[in-house]
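Chain nomenclature is as follows: A, B and C, assigned in order of appearance, with residue numbering initiated at 1 for each chain independently.
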């Protein structure tokens, strides 16, 4: 950290003419102090990627019953990732749940964010609280609460644990995150731009579609990505409300008691690669656009 | 937790303007209605039901059957039988939060002030590992920290590991919790530092000369909103987690999340006590959150 | 013209009041702006001028009162239903649209068939044709300002509202745009309502200036009249500089009131004073005051002071003179004489003026 750099006499030596150079040990210490943040950051990034590297490496493990220790290299799991019963079915379920929850949560959350930012109304702070509290509630409590109502309440109206209840729950916990993300974007938008549209004969709907929506779209897209990743990776709540349905995280968790099959590593790592490529791709596209404006 | 939201949107768009009443409240209610209904039906109502269940009594001899009651003995049981579990949850989550803060701060600082054109790439690097499944990552830690692994090997060689093992100890649990919620700490701190003006820090350097004083009096206070959001976003899920304990921890000495999970899903007739445990956990966390926010807080947390 | 009200004629505000909670932003305002005039609303920030403008635009609704254009009552109608357009202070250009699409936005919403052509014409009027394909972020402040103007003008509104449109520009650009705006107003012949806190800007551009303070109009009239004969203490001080002093009216001498101000007897023409008995705030503009080393002949309308500061401005010399009462007067002397007065700080001087130039207002602030 530059701010943590201890005070040094370098500037005064520079000022006082041909002073002797600091000793090698001292220079090394200085260099370390100056670059502490960068070195620490690189180490932390390596630490962040360590489990990913393990996941990747063990996707090639020629394991027997349990995939915990390295036993030998094989391509086998990459050639047939669906080779283990249930793994691809659970992946498909996770993708379906993710897409549905993302779409619904993004739409509902965007509407809520619009109301919260653009309007003053009675019950605004109560709504704020209702949006905040789910984010401050541990997942296990939400899962437990949903389980009790699904089993003891909603079962009376014909809802039983399964795909539907997973989707209901995922929409619920994604919603708050969508609202705060879109809200941040909306708050950074000058309200006069919308007023200008109204002033130029655009009605409320026209104003929304021709001005507001295009301008908050990056925020909405970010919120949708966040919602999808939250949904796709959720285990704790899903575990409570899924009944016999299996999602990918649940499959992996159940399998972990015996040793996770390397096929799950293949799928997990592939999802990671796809996500990274998507994010990098989006970055490249947006920076290309930015440079086109400049020219 | 605006700080996190801030990261996921365009970081350039930070010239926030206060909300402005430009419309009529009827439209606002219509816009809110579906979302509020959803949260009402799938968040509030279940909590009410959970509260009801936490006071139910069991039919003797019929596990899995309950009748409505005002049985506060469930809470007594939750608090007496499982007090150590609560203590462990909060201790491990607290340690993990502290470690995550210590690990995150230099990274967030480097991203905000040192990264230059590498900034976006570093941001991707922070988020990317979390695109692999939570369970897979945790399981990878059980491989990394396994007795046969290189971590244990190196530490044993250096005589730094008296117990001879990391996996299946609380240390492994705290390590897993620290790792798993790290981005929730990095991103808000980064967002608040990124909004800070580096010239202010330089001015602090001019005024105090001592680097650590600058950090303590200028840099850290400027990032406090991010630190606040980060600690909450890390502590809350960590305190309720049971997966790290399940995959990395010892057989005995579980956390409260494990008890809730087992009572609901594995112990017949466990609902009322488990519900009482859940409610106590939520109440404890919400109380801590509100105290914490009041003590350190900014008004605009959401 | 889908949805836009047909309305032609003068703009009338009738008894318009706007309150936000306990705060009265605009207080029972009645105003008549003739068609095709250049009208300025001048006042300090928070005086209610922008709120008035927003009520004309339809962005705010009055708490009570009516807004009319010609005989058409527009009260309660939405911004997109009014034949009124606004140039916003921050320009509020659509950042995701090109300059061309920004300007064509209004005509397209009104389903005009020649929207594209009209946008081109409007851009030509403000000399921005060569930037049509760019995005707002690629333009300078002055260029954005022109686009904002074109985007409003292209709709041929019955009333064009300008909300501090030059506030963000530097001085030189501001001067240029003032001339330009005046030219365009004469050329297109629309009613312009210009909100500003800059008295010089209001005076150079507008036919009629209304000075607003605390939600009310203090005085309304042509700039020269407001300057020459302010009717309230606020206007006297807000519009240009005024040398003032408070004193008691002692009597009447023919056409004049006689008052004892600053230890001297001053005369004010009866019809140039708003009060005829009791306390009066006497005032005279700096350029109407003559500085001399000796007491001039004549009785009264002179006062002795000590020079504090002398600034040579080329065409004129400005003096700051400390009065015995503790106030400081400023005086402008045109540099007409071959031998100018060689005054230095500390010199004692006599200030005189023609009683016909003095004015009197109530010393109470409204």
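The criterion applied here is as follows: contacts are C-beta pairs under 8 Å (C-beta built on N, C-alpha and C of every residue); 3 or more make two chains touch, one makes a residue touch a chain.
In this text, all values refer to a predicted model and were calculated from it rather than measured experimentally.
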item: Arrangement of touching chains [line / ring / star / complete / other]; value: line
item: Identifier of the chain whose CA centre is least distant from the whole-structure CA centre; value: A
item: Between subunit B and subunit A, distance of the C-alpha-averaged centres to the nearest whole Å; value: 14
item: Gap in Å, rounded to a whole number, between the CA centres of subunit C and subunit A; value: 54
item: Sequence positions of subunit C contacting 2 or more other chains; value: 59
item: Residues of subunit A whose C-beta touches two or more other chains; value: 190, 195
item: In subunit B, residues with contacts to at least two other chains; value: 22
item: Parts of subunit B lying in touch with subunit A, wherever the complex brings them together; value: 1-2, 4-6, 8-10, 13-25, 27-29, 31-32, 34-36, 38-40, 42-47, 49-50, 52-53, 103-104, 106-107, 109-111, 113-115, 120, 122, 124-144, 146, 148, 179, 182, 201, 204-205, 209-212, 214-215, 218-219, 232, 236-237, 239-243, 247, 257, 260-261, 264-265, 271, 274-275, 278-279, 281-282, 285-286, 289, 301-302
item: For the subunit A and subunit C complex, residues of the former touching the latter; value: 190, 192-193, 195-203, 206, 210-211, 214-215, 293
item: Subunit A - residues contacting subunit B, complex; value: 1-7, 33, 36-38, 40-41, 44-45, 47-52, 54-55, 58, 68-69, 108-109, 111-112, 114-122, 127-128, 130-142, 144-149, 152-153, 168-169, 171-172, 175-177, 179-181, 183-185, 187-191, 194-195, 204, 218-219, 222-223, 225-226, 229, 233, 235-236, 239-240, 248-249, 252-253, 256, 260, 264-265, 268-269, 271-272, 275-276, 279-280, 283
item: Subunit C residues within the subunit A interface of the complex; value: 3-4, 57-59, 78-80, 84-86, 88-90, 92-96, 105-106, 109-110, 135, 137-138, 151-152, 155
